[in-house]
Amino acid sequence: MPFTYQRTVHFADTDAAGVVFFANYLAICHEAYEESLSAAGIDLKAFFSDNAIVIPIAKSEADYRRPLACGDKLVVSVSPKSLSQDSYEIRYEITRLGPPEKSAARIRTEHVCIDSGTRSRKALPGPLAAWVQAG
Amino acid sequence: MPFTYQRTVHFADTDAAGVVFFANYLAICHEAYEESLSAAGIDLKAFFSDNAIVIPIAKSEADYRRPLACGDKLVVSVSPKSLSQDSYEIRYEITRLGPPEKSAARIRTEHVCIDSGTRSRKALPGPLAAWVQAG
Amino acid sequence: MPFTYQRTVHFADTDAAGVVFFANYLAICHEAYEESLSAAGIDLKAFFSDNAIVIPIAKSEADYRRPLACGDKLVVSVSPKSLSQDSYEIRYEITRLGPPEKSAARIRTEHVCIDSGTRSRKALPGPLAAWVQAG
Amino acid sequence: MPFTYQRTVHFADTDAAGVVFFANYLAICHEAYEESLSAAGIDLKAFFSDNAIVIPIAKSEADYRRPLACGDKLVVSVSPKSLSQDSYEIRYEITRLGPPEKSAARIRTEHVCIDSGTRSRKALPGPLAAWVQAG
């Protein structure tokens, strides 16, 4: 069972076409990622400001299937998977609750762990590797 | 008792100083406003896309008291008050949960109801006037 | 020669990792798209609020190659290509000016023209088809 | 003569009401502030990530006078003024170019210089003090 995150579409997410701006689908998925890490006991403040390692997103892919409007209720599922000792992918599905319930987007991100000093790849820290394995 | 909205600080809210970007405090308050309207039974989709009237924000004031970091848990209180037949203010307080609990910002917005066609002021629609009165 | 758009990285583009938030690379490309349409004589206000047709983004792919910091000077190239009578792709390259000059990201979006009423696909309007052909 | 910054309204600045989201007026002013600092020879990367001092915004006030739509051409004037040895205000005017040219917003921010370690107030660094004086 993947982790799921509930989210209401906010007015600030939308653009002049009346629906969520395409880049904001990715930002919503990142929120779900943060909540999933937090639920696994990983401290977000330390995670996103650790000076020794950084874990940037190397790739993203998005398949936008439905427009989303202000007030829409969403569920975002978060499915991480290991790619190597120092990288992982996350697959997200954004579902708009109904009735009827509809898949609104499928998104995939790729994350690589890097030593901040040398900029070379580095194995994932233990708690993060455990989060990926459990995903 | 004012309406309150719970919110976690997301990574996308922050900037390179490591804390929430000042303009995003206002966006967080707007989310609280939307949730308060929604809790009062006002349909957000219709509210923010009604073709007959618009209710733009005419003024905002913010007193930023504390930096907020990714993962911080917030409570935002929403206190609307009538200013005239066609306008109202909302006072927000953003509190960072603790321990210790700390006031992080006080924000005020002024809203004016306008006829979309003529751009002249217009009395608030009934459900919105009721929401303001109950605030 | 593709259209190019010059852009400085703003503080609001960044996140607590000190660099541009991954979703904002897509927003920067969309700005370049708007500027390219505008340079071709297409009126943005009409384009993004036309009630008869909408041209949502159906897919996006991004390959993030380098972090970008506040103040970095960027050039974004915009290369549209027809996919069918009712769809096109755009390939973007974000280059960070130097010295040394470095490729910072490659991004691709897919756009589909849709009739707002029926939600069925519709041939691109003439000026937009001409913009795609010239790209 | 205040420093001025030219800016086109982007699609990402807008919301489902079809115009610039109120919080984004502040973000646009911050861009103008960055460009003004940069034009005065202040390095933005160092300025916004200096570990010894931080200069957060303590207050903001905005008077929104006109809606702004995607594609609108803006000029933002930036007028800093010293408040004390360790603080300054900036007054911004956002003008929508025409014809006819119209004032779209007046915004004011208050900035306080703080020692990152002790969190106590600290005199502005020389180049910044010079920028404020010249404003």
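Note that the chains take the letters A, B, C and D in the order they are written out, and that residue 1 is the start of every chain.
We adopt the following convention: a contact is a pair of C-beta atoms (placed from the backbone, for glycine too) under 8 Å apart; a residue touches a chain by one contact, two chains touch by 3 or more.
Here the structure is a predicted model, which means the values were calculated and not measured.
Common neighbours of chain B and chain C (chains touching each): A, D.
Where chain C touches chain D, the two copies mostly use the same residue numbers: shared numbers make up over half of all numbers in play. On a Cα centroid basis, the chain most remote from chain C in this structure is B.
Chain B and chain D have Cα centroids separated by 22 Å. Computed from the mean C-alpha positions, the centre of chain C lies at a distance of 26 Å from the centre of chain D. Averaged C-alpha coordinates put the centre of chain A at 31 Å from the centre of chain D.
Annotation for chain A: residues 11-12, 14-16, 18-19, 21, 23, 27, 30, 48-49, 69-70 touch two or more other chains.
Interface residues of chain A facing chain B in the complex, by the touch rule stated above, are 8, 10-12, 14, 18, 27, 30-31, 34-35, 38, 43-45, 48-49, 69-72. Note for the complex: chain D touches chain B at residues 15-17, 19, 21-24, 26-27, 30, 48-49, 54, 56-64, 67, 109.
Of all residues in chain A, only 11-12, 14-16, 18-19, 21, 23, 69-70 touch chain D in the complex they form.
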